[in-house]
Amino acid sequence: MKTRVTVWNEYRHEKLHEEIRKVYPQGIHAVLKEFLSKENDFTVRTATLDDPEHGLTEAVLAETDVLLWWGHMAHLEVSDAVVERVYQRVLDGMGLIVLHSGHASKIFKKLCGSNSQQLKWRELGEKERIWVIEPTHPIADGLPEFIEIPQEEMYGEVFGIPTPETLLFISWFEGGEVFRSGCCYTRGLGKVFYFRPGHEAFPVYRQSDIQRVIVNAVRWAKPANGPKPTKGNYPPLEPIGDGRTSLHPELHKNKA
Amino acid sequence: MKTRVTVWNEYRHEKLHEEIRKVYPQGIHAVLKEFLSKENDFTVRTATLDDPEHGLTEAVLAETDVLLWWGHMAHLEVSDAVVERVYQRVLDGMGLIVLHSGHASKIFKKLCGSNSQQLKWRELGEKERIWVIEPTHPIADGLPEFIEIPQEEMYGEVFGIPTPETLLFISWFEGGEVFRSGCCYTRGLGKVFYFRPGHEAFPVYRQSDIQRVIVNAVRWAKPANGPKPTKGNYPPLEPIGDGRTSLHPELHKNKA
Amino acid sequence: MKTRVTVWNEYRHEKLHEEIRKVYPQGIHAVLKEFLSKENDFTVRTATLDDPEHGLTEAVLAETDVLLWWGHMAHLEVSDAVVERVYQRVLDGMGLIVLHSGHASKIFKKLCGSNSQQLKWRELGEKERIWVIEPTHPIADGLPEFIEIPQEEMYGEVFGIPTPETLLFISWFEGGEVFRSGCCYTRGLGKVFYFRPGHEAFPVYRQSDIQRVIVNAVRWAKPANGPKPTKGNYPPLEPIGDGRTSLHPELHKNKA
Amino acid sequence: MKTRVTVWNEYRHEKLHEEIRKVYPQGIHAVLKEFLSKENDFTVRTATLDDPEHGLTEAVLAETDVLLWWGHMAHLEVSDAVVERVYQRVLDGMGLIVLHSGHASKIFKKLCGSNSQQLKWRELGEKERIWVIEPTHPIADGLPEFIEIPQEEMYGEVFGIPTPETLLFISWFEGGEVFRSGCCYTRGLGKVFYFRPGHEAFPVYRQSDIQRVIVNAVRWAKPANGPKPTKGNYPPLEPIGDGRTSLHPELHKNKA
């Protein structure tokens, strides 16, 4: 069965700013969809902020194995209801790939449990070099030792994320900073990958190595086929000492 | 300077249920305060759900280095405003120690970024044995190899938490389950420790080794004296190639 | 291309002790080979301690993607040269799956960098229940919430391993102990998985869920296709301030 | 009780090369000892390669709480017996702080269990900037956001270490590389900290922030007062089903 990918893009810069439209004439999501669609094991659709329910209806999410998220200038316009919906789907197993300024999105902050919005930034179009520090990870498949981006926005530490379960990439910036640019998390049954590059003003998502990372991340993040954990009141698997029963069951009726 | 500890207790079971009142006549918080107050480097106060603002006013939190949290039957009565206030204080450096059924509190779920409410449970008053698996951690100071609790509520895996940064304790239960019972996290500048034991129906917080864990955890969780990370638009530390300036500064006025 | 698996077994208990021979008449390696060979993407061979060079010649290792290791009573008979050879192959990318009492093997201790030999044990044939605590990991694919083994040797904490990069399984034992039974590591370009069960006196490797874990672990541990890190004296990628050259190159000729 | 620190220095460059002697006239160990001795809670001694038993006799190690290790050009001259002795002391609880080119020492490689010798290097005396990414860790106490070193040897990724339990520092280098410069590990009961800076040709250990890191690391690495794990044949804490006894005790006489 194919992995069903939904590319979500805020899609505002491209409509509002001519210089951005030159870089991504049909929107960032169009470029992401284009290269993802070349993979035989993926089916890809897109959704944007201005679609009804931001394009992320229950039906769409139910048919999504991995969701990509690009947002920047309109994080606060994303409805809490949709954020909650995406959140529950991640906990239930959907993969989520958060790109670039998606670090400050409601959904990533909610999944981090910390102020992932906090970082340094600078928009001078300087050089970035992304070093791979975990070369055996599936997301590093087929990559060179580093990926060079001629012009990018700088993001600098301290990045207010929880320590990643796996830190894959560290970025070097021309202006003197470093950044944790590839970060893996698990939340419930869902996998989450944060990938730093992709400022709207530069054609970063047209670089083949960047595309490779995103393709690999989709394969890594797709839902697993492991045990579905049960929860709630659970009968003992072994006999309890003296055959006790609950001491005050009336107190715990609604506990889960 | 002394570490300023605030013990927060929901304080409902003890008022509503006579059998619980027998175990903790003045409330769980009173017992926690009592043994914490014996430490010369701590000052301790308490706060409960039914106090104004749940006893967690801006002023109280501003004077709190480490907050303990015990809640169970009334998680949903904790106001979102107070949860947000505690959350910000944790990100700013206050330590938080979440006890037992605090796993399902609003504040712990918010800090986890996942469904920490999910677990198995059973209330038969069975035996628990807490094994120390990281004996060099500060929270294991002075402990034996394991702590035995004669009667406890069972909590069983899968526990819906993010993988702990450090897993200190694993519990064995008489009925056949295991549980990650001592879990360390960092969130922003704050340290968070989840410690499983402490069902209201059993005098668990009167056991000296359990008290030792909580005292150690307060010392571990108190605010650090490290660098305060700066954020936002950051001038380059090194010269950028051709002396470029921002490509479209007007787009980024409110970015943080 | 198929994954080339080599199953290494000490193969002494089965030859020396009739009761063990009843459980594994052709040796533990034969049973491991049998179920692994049913996977279409694997090719499987075996090697044992009493083979020349323990069956682990340079040629065999060069053709091995994943090595399984079962040893117990004769760890010290494994030659240091072969251990070094296996060690280098792991650093170069070969996967290694260490089974049961292989915890005390020379190769696992060398890869751990600590006294992985340290643990508690007891051989009463008691019940073990292996709980899956990371249900989304590839090694948990297709598993139930727990695997029950009717009779096993007990291994108890503290297990003298480095904290696993990923802790997959926690065992519950009838006699009152817990154990970290599924532990993932990366060493150089190689992946290492320790899997606890498999005492020679019980037919543990005939249980389908145990087989499933081992099959999954082979797929997880096979060599990755990531960047091959370079090392040694490295020319600058960016101009250094004043065009400096080495201050005392003669001191560093042999450094790597 | 004071923390007993032993500073071990290879002490060859300073004797052999006049330019190095200008930087550290009495040896690197003398400078390390000098600033460590200013801490009221430390007592400090030194030892060097050319002392009998490299100055690390059983008696000296028995009186050492934390050992610092600086070596570079003569790693292979360190006797295996002394390495084994240090290794056992670390597993028993002694802290170890490995400085700069100590990454390639026998002792660090043995404790890593991997090829920590592997990295890129370049000796042009370029600028290094060490960013603190875990500001709440005890080793970051009192530090600024970054430490700048005007001239240093470059070390670049991939560094062949196991993923650190805690990654504290990431270095930026003028020539375009990054490096994991502050790495925490636990091995047995001992804590290990790798700290990158300190090439012999530059007065790095005279910088106050670098000194602060090392002082903090000594406090962090000193032996803990946790449980001493027991091992070996362990009687059951709970009754086993049918009162079984060992199935073949004769096979397990020497097992530990």
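The chains carry the letters A, B, C and D, assigned in the order they are written, with residues numbered from 1 in each.
The criterion applied here is as follows: a residue touches a chain if its C-beta (ideal position, glycine included) is under 8 Å from a C-beta of that chain, and two chains touch if they have at least 3 such contacts.
Only a predicted model underlies this, so the values are computations on that prediction, with no experimental measurement involved.
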Taking shared numbers over all numbers used, above half giving same and below half different, the subunit A and subunit C interface sides are same
By C-beta contact count, B-D versus A-D, the higher one is B-D
If chain centres are mean C-alpha positions, then the most distant from subunit C is chain B
CA centroids of subunit C and subunit D: separation to the nearest Å works out as 27
Subunit B and subunit D have mean C-alpha positions lying a whole-number Å distance apart equal to 32
Per the C-alpha centroid definition, the whole-Å distance linking subunit A and subunit D comes out as 36
Going by residue number, subunit B touches two or more other chains at 129, 132, 134-135, 145, 156-158, 163, 165-166, 174, 176-177, 186, 227, 229-230, 237-238
Listed in rising order, subunit A residues that touch subunit C in their complex are 93, 129, 132, 134-138, 140-145, 165-166, 174, 186, 189-191, 224-230, 237-238
So, in the complex, the side of subunit B touching subunit A is made of residues 13, 17, 19, 73, 91, 104, 110-115, 117-127, 154, 156-158, 160, 162-163, 165, 174-177, 185-188, 201, 227, 229-238, 240-241, 244-249, 251-252, 255-256
Subunit A residues touching subunit D in their complex are 129, 131-135, 145, 156-159, 163, 166-167, 170-173, 176-178, 180
